[in-house]
Structures are given as C-alpha cells and as structure tokens.
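As written, the chain order gives the labels A, B, C and D, with residue 1 at the start of each chain.
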C-alpha cells in the first residue's frame, strides 16, 4: 500500500496513521523523495484502505499488489517524465536518443562527437570514464579529468552528459559534471550504490543486470525511488543466454512488459544487446516499435580504432541515418 | 563449396567433376531439389574453384565458408521466395501474415476464422490438428478429419493451410490438404522428419528449437534443402531462458542475423515468443521493424474458451487492428 | 489418481468404475503395461478415493498430486528395477555401468571393447549406430549392419546392447539386436517415438532434452509408461546454459530430485555432461555420490582417432581405474 | 608472463626489467602482495623468457597463456593454502566445513550454533550481518552490533568468522571481527570492492556471480590477487538457468575445472546451489567427490523459524550426520 502524504502533514498526523497500520500488523517505511512524501506499508491482513485514506494528512492512497510498490503503475498510471531543463526531457511523448563512444578517449573525439550530435539535434551524449573490465590489467577509463573535458564541451553545446558511476565514493566528485548517472549491468544489484543514488537529485539510467530478471530491475529501481530519487529510467541491454552468435540476446518482450508494469521510462541499449555493428539499426528500430521511450547506442568517429567496443559502434554517417529512421518509427508507433 | 549443375549435365561430366574433387580429398554430396541439381563439396585443401567452375556441365560455383552451405547467402545473395500459386507468396517484398487458432476445434470456428481472414485479405490460416503436448493425458488434436474440414473451407476461400506435422508417417495422409507443413519447436532437430520433408514438394515452416541456436536452425534447414526441398521459411518463436515473466524470450537479434546469413525468408511467431496476449502486438511490430518477412500468430473468436493457448490468442477485432499496424510498419521499413 | 486393476477384472466392473469417475467429471485413461493394468483418472473435484477403492476389481488406489502420475513415487514408493535376465539389472541396490564408443566403428573396436568390458565385469556396452548430427553432411552412423555385429559380439559375452533409436520406423529392424533402446536428447519430446516405445517390451534409456526441464523428462517417461512399457531409466546428460567452458552443465541437482519424485532408476552420462576427458571421472563420481543408480560413459580404445566425441572419451586403462572408484563411491553412499 | 621478484630487488634492477619489457611492447603491472612482489607483463610479441629470467633481481619467471595470470595454475602448480592460525587452514589436504545461519539473528542462536560447531570440531561459522535483499523493504541484517556478538562467541571458542561484506566503506568497521570476508554473488564483479579487498590482509571467500562464468570468477580473483591479497578461496554456489524445480543449478563441472585451472582452493555452497533442504546433503557429497576443498552450508537451530533461507537450512542433527558423511567422502576421494 502506498500512502501519499500531504506536504503540510504534521508529526501527530503521521503518528495516527502509523498507529492504525500497526493495528493491522503492517510495517511502514517512510519515503521522502525530491517530489513527495509517502508511507509504503506492507502487510498481509485485509484492510479497508478508505479508512486510512480518510485520515488527516493523507493526500492519496493506493493498494499495490506487485511486490515492488513505488515504481509500479498500479498507483501511478500516467507515465513519469524526467526533466533535465533546457527543454530536454525523457518522456513517452518524444523519443530520446543518446549516442557517444563506449569510452571517452581524448578531447578531439569529444569535440567531434559533440559537433555531430548538435548538428543532428541529439541532446544526450553517452561515454564512459570509469570502465568496468573483466581483467584488472585492461584499460579502466580516463577518470575524472576525462569527465571534466566531456562535460565542458557537452554543456557548452546544451548536451546532457550520461556516464557510468561504479561506486558510492565517486558520486561526489562526479556530481557537478554529470547530468544522468548510469548504473551498469554489473552493478544492477549493488544495493549500497542504489541506496546512495537515492539520495542524489540527478536522474539515473538503471541498466538491467547481465542475467537480471525484469522483476529484479524493478526492485533495483524501487531501491533508488524509496531512497528518495524519483528520476529513474530503466534500461534493457540484452541478457545472457546459451546463444553465442551475438553478444547478448535483446529481450524485446521486456519493453512492453516494463511499460505495462511501471510508470518509469524505458530506454533500449541496442549496442550491447546485439554487439555486432550491422545489426544495431534493426534491433534499435525494433525497440522503438515495441514501445521504448529512448535509445542509447555506441557511436565512434572511427570505430575501427576505438579503445573499446568498436565492433558494435556505429560511425557518424550510419548514426545520422539511424536517427531519421528511429524518429520515423517513433512517429508511426505514436500514431497507432 | 556449392557446384550448381546444368540441367542437361551428363553422367560422364559429373564423373569428371567428382574425380577432380576426389583429387583434393573433397567429399561431395549430390543434391537434387525440385528446382536444381548441386554438388555440395566439403574439404580442407586450398583449391582453385575457377578450375572446377570451367568444367563442362557446371552452371555456377561458389565458395561458402559457413558450416551450412545451401541455405547460406554466401552463394545466393538475393532472397528466396516461396510461391504458393494464386498470387500468394512468401517473399521479402510483401509482408506475409498467418493467423488462426492454436488448435483446430470445430467447423464453426473454422468457418468464422476463414471469413475473418478473407475479409481482411489474409491469405494464410494456421491451426494445429496434431498437437505436441507435455502430458500424454492432454488433448492431442482433432487429427486428420479436422484437417479435411480445415482445408475444405480454406481452399474454397483461396486461403493457404499451415499446420504442424509431427512424424514422417503422417506426411502422406496430410499431403493433399496442407499447403505448408510446419515443423514444431520440439521437432526442430528430428532429423528423420527433416529428411522426409526434403522429399516433399510443398513449403516448410521450420521453427527454431525450444533452446535451439540460430546455427542449429540453419543446419536443420540445410537438412531439408539438401534432401531436395528448397521451399523453406525459418521461424523465430522465442527461446527458453531464466526469465519467467513471460513464456519465452523473443530473440529479436535472430531476425537480422538470419536475414544476413541466409537467403531463406524469416517469419516471426510473436504468440509463443511472449505468450501474453497484451504484449503480442508490440513484439510482432518489433519483428517487422527488425526485418521479418512474415508474422504467424494465434487468433481465436473467443480466446477465453479456446482449447489451448487462449491466454496468448488475439480476438478478431484485435487482429484486424494489428494487420493494419503490421502493414504500416512493413511499408515504413521498406522505405528505409 | 491411479487405480490399479486386478488381473481378472471384468468389463462390467470397469464400466462401474468409469461410471463413478464420470459422475465426478474425471477423465480416465486405460493403461495396460506388460506388468499391470491401470486407470489414470484426472479431474478437479474433491473425491472420496476409498469409495472407488472399495469397488470390485480394484487392486489398489492412489491419489497422486504431481502432474505426472505413473512415474511418480507418490503411488509407488519402492524403487523400480529393470531386469535384463542373466543376472543383469538396473536397480538401486547395485551400480550399473555402461561404457563404449560414441559411434560403433568397425568389428575390431567392438571386439576389443567387449573383451575389456568382460574382463572388468561390466555388463552393458553402449554404442551408436544411428547418429543424430547437426550437419546433414556429417557421418550418420554404420546403421543396421553395424548393429548386428555389435549385438553378435556382446551377446556372445553376456553383455547387453544399449543403442539409440531415432525414429519409429527403425524399431522393428533393431528390435532383435537391442537390449535397451536409448532415446537421445534431441528426441526427448518426440512424442510419437515415445508412444511407439510404449508398445515395445524392452527397456528404454530416456535422455533429458538439451534444455529439457526435469518435469518434462518425467512427462516424457509418462508417455512411455502410459503407452504400456514400465521399463524406463531416466538419464541426466547435462543441460545447455550460458557457460561455455565445457560442453554442457551437469545438473547434479537433478539426481536427488528425480530419485525423490520418481520410482524410476536414474543414470548419469558424464561424458556429454562435461565433454572434456580429464573431468569425466570427477563428475561421474559426483553423480554416484548424489545418488545415481548407474553411469553411462564414452570409452574408446584410441580416443584420439575416434569417429566422434574422442575428446570426451576415456581410454581403457582410464576406464578400468574409474570402475573401481565408482564402485567404491557407490559402496560408501550405500553405507550412509 | 609472471615475473616473480626477489625480496631485495633494487629500483635500478626493476628499471632494467621494465626497459626490456618495453622493448617488446609488453605492458607491465606491479603486484605487491603480502607474500611476494611480481611484475605481470602482457604483450603479443614472441619473447625469450630465459633472457628476462636471467636478469638480476628476478626470482622466477613463467609464461601463462591463460587470460588470467596470477590465479592460474600455469605458473604455480601446487595448490595454495590459506592459513588462519590456530591450526585452521583451507587446503587441499583436509576438508574445510563452514556452517551457520543465513542471517545472524540474536545472541541465543549464536551461542547454540557455536556450541554445536565446537562439539563437532567444525572451525568456521558462517552468518550474514549485512544482507543483500531484492526488496528495499526486506530485513537487511543485524549490522555491526550483531557482528560483534557473532565474533565474541566464535573467537572464545576458536572458531573463525565468515561473513559477507557488501561495500568498501564497511571493511574498516568489520575488519577486527572478521576472519574471512565473503564477497556475495551479486558483488562478484563489483570491481571497486574487489580492488579494496586486495588491500586487506585477511582471506576472501569469493562467490561466483548469479550468472557468472568460471572465467569471470577467475578474473575477479585476479583483481583481488593483483591488488595484493593472495588469500582467496573460490566458491561455486549454483548458477541461474531455465530450470525452475530448484533455486539454482549447481554447476558441478566447475569444481574439477577450477581445480585444474587455478591453484586457489575451491569451496562449494550446496545450500544456495539447490535451495531445498532435503537435497543439500546429496549435492554437498557430490561436491566433495568432485574435488571440492570445502563446503559452506546454511544451518539453523530451528529452520522453520529462521529469518531467511529456512527452507534450505539443515538443523543440527542433520548437520552432524552430514559432517561424518562429508569426511568419509573426502577420505575416499583422497585415497584415489
């Protein structure tokens, strides 16, 4: 049960609500986000929610039968938007496109990428500065100095910075440069990191785990939301299966499922989901047609010399062509 | 290596070619399909194919580095079409839609379905008369008498009959009523059945195994083709993974992969791939956008009382709406 | 519900029982095996089984809550044995070991293998004469003539022949030479083949599907049993997962699970389950310790030149060492 | 390539070695563990390792063809031991058994468990005080105060404390109470945590990821080792597959594989690997027979009222019986 509280609720009124919940052996968690205050109450008894709904200080009340609560569409049927200012939004009413290299490399690549994005009216640039790598001896990213350069050029062009955060201790240093913190697949159930991002007032792009279920993805989002941050986008990026002809298997079913179960926006990463350049466009288009609110893909000026993931990166002309196709597919979908 | 032979090649000419192949320790299989004759030669030595290509009786010659040969696009770059007569084709230039109940039930349902299909200009009806069931005590289908009724009404309306064949011994009895034999997921590597279908001159809809790889699907197609039957459509129908929120995981990557590697048409079955009615349209549209040449889905006049698979069947009005959307998506895709 | 019938039950008595079941809307299937007659009744109503149990002609009655019935241990708690005559049994009280090449090759290999088995007191020889192969161009086995040689030498030495049957039409030709028909992983849900093997009075070694669940394995066994053949051994042979460091993943959990849920004997195939020679002994021993009633593994006089699966075959000295270890492990397990 | 350095190597000598490596375009990482100093050099050129091996200051040199280096058995063929003092070791020569509740609950349970362990000569107690939970509303463990009680009673009885650490910031607070830090499955690729544990001088129990490959497990161990901590045990705990009859699938193949590829000890967690109490003993015994150096399992005085994982916990009498069986199986295995 989600009990949305009035802005001006008094401590005494909260006490009355909690006492009533106690009576029915419901445990209640306080949730204070940047937007609202809630009590999330969990219990087994049959309970007349109208009675609690009529208590002073209660703005609204919803029964939510899903195991996840705040991210469920059972209590919030209209889709959430994430507002980045500058007329940049992630929402169900316009397609968000995010592109950029797997790893930030040097300033020249940043500048070229920003120019390309700007000239194509793309408002998000992705790029990793801290890279999770299987081997401890592999390149682990350019770090915070690279991020500063990345942010400088993006912000000068009105482009939002999307980059991965790998641990709690990085958040503060990254904060002023980042517009959207990405949680990578390997950290999708790093609950301490999710808790910490719940305290941040910037949007989160939450990737599904390597073999995460869609339910686990929603639970991870619930961590961030119940920690205080409502600005979350869910990201399908392919799952690990027995099939080895491509890097992962894009779980296209996840898109209508997540749009049905949650009010959060859903972004598709076709690059990791298939991992082979020549198939990226087809599966990205499929994602839009299945209902995705955005696409994040890997792009590089010269994929053949990229520090990482060149084999799944599109070059600029390929990307330009794809933007137009994605936008046309989105318009068609909206018309249905 | 695929050596396509001239129609009028003499036994002596074949002998010369085989002798040349023997010299390089290549083993050669004769393949005579309804359309052409080939030698499929497999070996390891470096060999000058122009030399063999210039031998009398050789129409064409291709090196094919894939492990599957005749179904590969390496030797036949233009896409194959399957012609059913009556202006009905499966091809890359027009979207094929196949709909109908999971199981054929009674004549009334057949008649209603045929009327619905005809009024929507759909030229294929699917429906099972022999049903593979996990439990030996479950309903196993209406059998050959049901097939006769099914065929009677379809053929009167110019609609093609698509139905599953489960074993070699059924082929003869089914032959005159069926326009396209479906090989189900559980029989995708039933090599004796595939061999037998190679001898049939009617088209085959070959489903991917429950956990089959895309390579195994191509190998299974190679069985049919090398057995003599070129009229094969490949069917993605979802794979088995750890994710249990839906029946299967639609492997959307398979669609551009199969269209890239093989000249055979690719059909998507969204019904089994997701297994939940309300998501069928989204994933079907995704499949078209990813490049599928056709869609086969489950439809029932009253899904709630269907003998089987009602939870994933669309009703007639839902189907009608989907046809229009699929056709619009196909047109958009073709325009790219 | 399983209603075991008396040998001398009259048609009238069966009619009375069926009438009673009809009254409660239970559907009943007749099952006549080589040993017994049963009615397997399936329905939803609460029903007093004592009332049916007291009807004339009923030998015994059992409520079975599992979806599979006759193979369940819910009605038959003691473990079934399979008796091959000549003091050869598959049972829970002695470890059955089966060894031999993946493919039967020539007479010399048969003779050497039989000698080796005989000198080590192994009573089963495995070997394929019909081979399911992904590629239609690969070696498909020596066929029925090879089987004749295989059987001749085994039977002269008191050794039982275990070999794969791939389709219904092979059963008659193979029948007189085979002591145990193996159903391969790719045919684990080939229901027509299972039906046909239900009519055969020789034991069946039923392999789990490539990605079959343990429930599906039990259902496939139910097909054979309800078809009339009670002599079935279940075979775990590894499942398909994302892990690619070995051929398959041996699902060791399946062994105690199957022994708990079913009265049928359980055999482990460690060769396919791991696929790498040097690990075969460790996982075979693990299987015995987990409760397997038998082990079937691939062995070859000269694995390095085997026609197929040499990389997972043990040679004779390795096998000899393994027999002793398996027997010691089995004795220890029995002592617990 | 692993270049083990002499204890008294001079900076000048290191410079000479690095210069030589540079010449061949090898990149070299310094690794200083609590035991030794190494250079791990990675490159592609053919190189005469004897030349580098003869340079002053080099103690030993090994070519390691695996992608992981320091954890490979290619350079260290004898198995590593982890010494906890007090005659407690994890090693290949004696079976290590670790038991205890999933979650530490109250002092009474700790005391009872310690008594039980002591009377059975078990030297490790497991128990979680920080619990990773899918839902943010679930019980997250008793925290550091619980750990203090846990450690007090264990240490008084000469029993070692094994418990999970979830994030870098917990390490310092936990350090004095913990004898072995467990990295849970969800953190198996949390590289920042692995880096931090490389700086700790206490042993690490590293669990395989939910869907981690065995190679990824070895890479994660390489992070810890190259960070400076050689005291690592690898833990197989079941993997995520399509099979839903048990919690996970125990990958028994992983045990001989890891013992073959790495010199690190291998521990099996049968409780999570199967997740059903009555099968835990069978699969634990299988693990020992396959070559595991230790078993860690969940045990509770009253499993039916455990805070978490009661359905897979053994009670004390069941555990006592299992200890004897595990030890007997280990002795048998050693005798082979």
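For this structure, a couple of remarks:
Note that in this section a contact is a pair of C-beta atoms (placed from the backbone, for glycine too) under 8 Å apart; a residue touches a chain by one contact, two chains touch by 3 or more.
Just so we're clear, the structure is a prediction, and the values are computed from it rather than from any experiment.
Both chain A and chain B are touched by C, D.
Comparing the centres of all chains, each the average of its CA atoms, the largest separation from chain A belongs to C. Spacing of chain A relative to chain C, judged by their CA centroids, is 49 angstrom.
One finds 38 Å separating the Cα centroids of chain C and chain D.
Computed centre separation for the pair chain B/chain C is 33 angstrom, with centres defined by C-alpha atoms.
Contacts with at least two other chains are made by residues 211, 215, 240-242, 244 of chain C. Against chain B, in their complex, chain D makes its touches with residues 211, 240-242, 244. Within the complex, the chain A residues that touch chain D are 27, 29, 40, 42, 67-69, 132-137, 166-169, 186-187, 189-193, 195, 209-211, 215-216, 219, 222-223, 226-227, 240. The touching residues of chain D, counted against chain C in their complex, run 211, 213-215, 239, 241-246, 249-253, 255-257, 260, 273-274, 278-279, 282-283, 285-291, 325, 328-329, 332-333, 336.
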